[in-house]
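After this come two complexes, each holding chain A, first together with chain B and then together with chain C.
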Partner chain A sequence: MSTELLKLVAGSNQWWALTPEITVACAALALLVLEIFLPKEQHRFIPHFAVVTLVMVLGSVAVTFEHAWLGEQLFGGLIKLSQLGQIARVFFLLSSLLVCFLATICLPRTRMPRVEFYHIVLVVTAALMLLAQSNHFVMFFVALETVTIGFYILVSYFRDNALTLEAGLKYLVLGALSSAIMLFGIVLIYGAVGRVEIDGVVHTGFEYGVVADFLRHNPHNFLATAGALLVLCGVAFKIGAFPFQIWIPDVYQGAPTPVTAFLAVSSKAAGFAVLLTLVLNVFAPLSAVLVPVLSVLAAATIIAGNLAALSQRNAKRLMGLSGVSHAGYLLMGVIAALSVPAAANAVWFYLFTYLLASMAVFGVMAHLAGADDTHQELDHYEKIARERPLLGAVLAVGLGSLAGIPPLAGFMGKLLIFVAAFQAHLYGLLAVAIGGVVLSIYYYFGWIKAAWFETWSLNPAGSEVSVRPVTVPSWIGRTVLTALALATVLLGFYQEPLTSWLMK
Partner chain B sequence: MIGSNAQLLQLAIVIPLGAALVIALGLPKRFGTKLAGAAFTLPALIALWLWAQYPAEGGTGYHYLSSVDLGLGSFGINLKLGLNGIALPMFLLAAIVGLAAGLFALRSQAERLKTYLLLLLIMHGGLLGVFASVDIFFFYFFHELALIPTFIMVGIWGGRDRNYAAMKMTIYLTVGAMLSLIGLIAIYVKSGANSFDLIELKRAIAAQGLGAATQNNIFGVLMFGFGILVSLWPLHTWAPLGYGAAPSSTAMLHAGVLKKFGLYGLIQIALPLLPEGAAHWAWKLALLAAFGNVLVIGFVTMAQRDLKQMLGYSSVMHMGYCFLGIAALSTLGTGGVVLLMVAHGLSVALLFMLATSIHHRTHTFDLSEMGGLAQKTPVLAAFFVAATMASIGLPGFANFWGELTVFVALWNVSPWITAVAVAGVVVSAIYGLRAAARVFFGQPTEALQRVTAAHPPADLDWVERLPALILLAALLFFGFYPKALSQPVDQALTPASTLFRSINHHR
Partner chain C sequence: MIALLNHAPLFGLILNNGDTGPVVPAYGLPAYLLLSAVLFALGFIGVLLRKNTLVIYMCLELMLLASTLALVAFSHFQGTLDGAVFVFFILTIAAAEVAVGLAIIVALFRRRHTVSVEELNHLKH
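Right after this comes the complex of A and B.
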């Protein structure tokens, strides 16, 4: 290697560009250090440290949102700074912040150690941000595995509960399987592309740009196509697309509520961030194969998710399965993005509305969860609207937004995706999606009904069973929940704040 | 002057929604009811003012135009408000019925009155927005804004079977709304205008035209989508059930105004933009409406024993006339539908209100358990009989002019269908008069005597008389002076006459 080349490589190692990720990771380590050095009675401040760090990093990313180095590749092509990467950073930081908020409600009910939880959340957050900006299959895989391993621990965090342990095991086995499939796909692509020398620099089939170039010239290469499909299978596991949605209900039910929210929002969004990059930038030349495969996948996902959710009475399973159908609508947006560029923005808009609405619903669920976190039935929501009107209202707004009822933000997300799908001529898929939305009204509305409409039961004795202690929201809880609900309503009327920022 | 009127139009929509927001933020109850009262009254005054200010030679275009970008301008979505000759009567209808429903709700003994008023205000704001929107996205958006509170109000404050009714309404109306949304998106995409603005869409489609197949498909989707919302037979079953269970003010606003959304959409959007599609579907629509809505539902209505269910079915039946007027594909028919929509909205709202007043006195909706109420409550009886007469379409009431013009327009298309439709009037006279007779005349039944002995029925007090008077006065005013409505409608439809002539020429 010549000296000049070494200089070039060293020059691209711009550590400063990864300040948000590094700060979050260091904060994660600092939490552990704090636990050792702080006296025991002050341990309750440690979660606050995590929250403050996240808020500060979020603020700094927002301030430096449009820096001058967008589009540059760092670390010899491992990372690519981009507009989408910045959006993803904001998304994951916001989501983790809300997960920490949920954890402050749920964790004190158990006797589990608390600091580790926040530690892992922060590590996963850093990895998620890297994942969304990766430009290289090695970086991609390492970041993805860091996320996944973090989730293995988080899912079975309440290890005194049998269902939680079962969920952890299921997630571990199926997650490992999907990682193996994805790795196999990456290897196939690597094998097909091989090593190429451009301007005296050797590039391998791990780099996105090289793979995209190769596919552009060999769109019919069987090995590379097979590899691409296998990689997408791995991503489909993350977003819970059919037929990889099998793990979702059990894992969502077993996982602690904050982790369920983390899985539902961040893990799913990470899958879509990766999917958008891969499908639009890397695998786009394979669209002749990708569009039919992804279309069938999207249709099956919408149908499977909605049908399975129809008969659910457990709140967490319902959130999981309805989340599957949301993955289907989002997949539709990804397919549309192949021919209509605006659809990528629509997908992110949808993800943000989904973040707000889901976190609002999970926030209410966290307050209602009793001692057994896995046992959250819709029947427990009876009388909520009367006894805790705030929780009832936030729940109704969140569920309404998820169902896509105007004038809430979720409707705008669905509308933008549907318009994009129409412009991309995905009529069949659109018909399936409309059917799915109508089905989803049934179960979301059933949940609202359980909370708001009074039902009289024949046996008054039955009402004793449903009396469960509801955690009274603290002022922070009230503020956060109100903010989430208000944001959901306002974004339905006035989208300027989000669109001006997403569509620069 | 025009500028300030445009702001008044915006204000009319903002007032109810803003009042709802203030109440939601925790206004004490006694201020809440006062604020709600003002928020129901002001839009009605604004609507009357705008109607008085509407130029006599209003022409075809929109007046009081204003446009606000809410962040989706790049998608061609702007909050563009304005009124044309078709929208003006509907806007006025929404404001008047909203005022009556609001006044009635203020004095109702509903539990959690503040929440009830809040939802009603959102519904009212949505309704005013629907008819003031020039942008078809917001046209849809405001409709949904009005629809969601309906479900909630039926579910919480409803009567018998409210849970089932709320669920059924939600699912049916969501399907209808979704279909309409797809149709509207299809128009947006296919027109190539890259805008949801109806004026832009008209211009773009006039410039390049849509293919016949495209028009047929989109009109079909819109016809069934809007049709579900307007209770087109056989997709009507949500309506009697929902109205039977809904609290009175909700039923007044939904049956009186919100239901007209679909018809208004067909007239304002589908007919001018998709004339060939309309010609393709007109016969099928006419057959469904004549034999389904008018004839079948007419007989079903005759068999009802529950007063509120009967009113629900009768409103389904009257929607049949509106569909027939649209299917006639002529300026006369379309104009007649606008008159009929206003008249029916006023009369059905009055009937639903009075039905609740009757229930307060008899504690039942069952027609076979009532009788002789006129001796105790003559004013109530007079109002109810007048409303029934209006609903049947007697001269002197606004309904008469609407039905008459529709029948005349229909004669040019098919005398046979006209005969069916006119036969429907006889059917509606039978059930209407029979219901009035059962409730107010004859001897009171034993069951009713027990109830009236325990709670002696009082006649209508001023709280109930005021909204009833507003509605009845409007019915009579438009009955004796229909020109007030027909002039703007007629002018707005002038360019459509050449359109209709060319379609009918091809048929």
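Right after this comes the complex of A and C.
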């Protein structure tokens, strides 16, 4: 073998750039190996291994945040390392870490196997990180399906509960439907772009750059436009935008609480990471079609989510439907980003505040859930604030931030997006969004009221709603919940660290 | 692998070599695309209208196969191998999806003794 060839091989070794993903995936496999080799009484340490790995990978990504390879395309254009990709990595690792924390509270209540749960969470995390950095439709589809199939399993994880299985089936059918629609869109784009030769090298319509070039020259190509819209339909399913939000309440209610949190935060953020890449980089030349379509979607999403959430009494359905309206605000940010570049950072800022606040609320929900994870009514929150002041306070901070009450982080997130939308002249959409925020205060405060104030109820005490045992938070639980609430409050007053980091 | 194929003009050469091309398809690209669109529509309508979960699942597979057909047709007529390679990824993903999906359907059938979507509506409030 000639030395030139060896040099070429060594020079083209780009696997180092994917160390975080590879480490997380290897750790996922190591969990299963550990389960085989460790004696049974030490199995409770296996989740700790998952958490420690996530913390270490998170640390390493934070240290190497400004990577030497930033902006480069790897593996012949399959992956593109970017600033947004690094932010997405941090986001997904942080979110999975908190999901693992929720799982340590919820899983011991059931007789389900535990190690596999963390295994799938880690696999999904690695796929999420790849998804956010993909630069090629094949990579994109494979990563997305890895995430989706992982979620099929996670949603129906408590398989002794018929409602959970029903939720799993609904997610399965609708998820597969959206994947099929998205795949057809990818195929149409591939067909429209056809064979492109650049410097003697054949490129196809799977590569983002080639598609963007093609659309720039043929913005009225019917096949490519139809393909782009079909792909965006699949993404709209992930984020729960208007016509595709029908799965959200049922699946959120039936899924185990940690999985609901994972769906609400990571799955939604993955959808937005993909949407930002696709809309801003690939489909940007189609903005004449995209802006009206996405604007109608955003307005309908905000209205549908808020109206449906008004009458909900189940805590998980309420979180799901209010999450739909959050997707609407974020969608508005994505549209604004087409003309105001800073809006993309506003979207990520919003996602981080949403992560902190949602995880705080889900953390409280995980402590309050009884044996039947699907049955979490607002009535169960009665007297929580008196009996467990910490849980009550964290709940109030989290819900307040989701509602967008001024001193909290959620308010700043909404403000940044609304300012960006104003700069982008999206006045009609802005009016709908502000109306939506006002509506959302009603149902979020209904929940806070249920937790903090004596309520007069139709059924006198002791008849129907029995007092439910609340899991007493361990010192880890107290630390994590307090940290989430404190971060939410601090970010409301002082956004400098996060914004400067996002806009590096 | 796809990356490799992209950087090998050789493959394009082989595919473009019309004289020695082994099979000349009897129908043009539009015929294949029409068939693919009809299959996709059939699958989509089936998912929306059918009541049996297993039949719905078959319709979903039909939609994936419709995309696969269009992919192979494009790949053949445009002389790029990427589409044909993507088909293998799609088949693998579809297999994984079926494995998980059937497991969920079987587990649900054991609990509820039905696979009809009309009776699977207990998740309401």
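Heads up, the rule we're going with is that the second predicted complex is superposed on the first by the 481 of 504 C-alpha atoms of A that agree within 3 Å, B and C clash if a C-alpha of one lies under 4 Å from a C-alpha of the other, contacts with A are read in each partner's own complex, and residues count from 1 in each chain.
Here, contacts are C-beta pairs under 8 Å (C-beta built on N, C-alpha and C of every residue); 3 or more make two chains touch, one makes a residue touch a chain.
Fair warning: this is a prediction, and the values are worked out from it, not measured in the lab.
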**OP:** Would you check which partner chain A:176 touches, where first means chain B only, second means chain C only, and both and neither mean what they say?
**Re:** second
**OP:** Using the touch definition from the top, say if A:152 reaches chain B (first), chain C (second), both or neither.
**Re:** second
Subject >> Contacts of A:237 with chain B and chain C, given as first, second, both or neither >> reply: neither
Subject >> Partner chain(s) touched by A:348 [first = chain B, second = chain C, both, neither] >> reply: neither
**OP:** Figure out whether A:313 sits in contact with chain B (first) or chain C (second), or with both, or with neither.
**Re:** second
Original post:
Which holds for A:142: it touches chain B only (first), chain C only (second), both, or neither?
Top reply: second
Subject >> chain A: partner with more touched residues, chain B or chain C >> reply: C
Subject >> Contacts of A:441 with chain B and chain C, given as first, second, both or neither >> reply: first
Original post:
Touching A:76 in the superposition: chain B (first), chain C (second), both, neither?
Top reply: second
**OP:** Have a look at where A:204 lands relative to chain B and chain C in the superposition and call it first, second, both or neither.
**Re:** second
Subject >> Residue ranges of chain C touching chain A (in the complex, touch as defined) >> reply: 2-4, 6-7, 9, 11-12, 33, 40, 43-44, 47, 53, 56-57, 60, 63-64, 66-67, 70-71, 74, 78-80, 82-83, 85-86, 89-90, 93, 96-97, 100-101, 104-105, 107-108, 111-112, 120, 122-125
Original post:
Along chain A, where are the residues that touch chain C in the complex?
Top reply: 75-78, 136, 138, 141-142, 145, 149, 152-153, 156, 159, 162-163, 165-170, 172-173, 176-177, 179-181, 183-184, 186-188, 190-191, 194-195, 197, 200-204, 206, 249-250, 253-254, 313-314, 317, 374
Original post:
Inside the complex, what are the residues of chain B that reach chain A?
Top reply: 69-72, 74-75, 140-141, 144-145, 148, 151-152, 155-156, 162-163, 166-167, 170-171, 174-175, 178-179, 181-182, 185-186, 188-189
**OP:** Using the touch rule from the top, collect the residues of chain A that touch chain B in their complex.
**Re:** 400, 405-407, 411-412, 415-416, 418-419, 422-423, 430, 434, 437-438, 441-442, 445-446, 449, 452-455, 493-500, 503
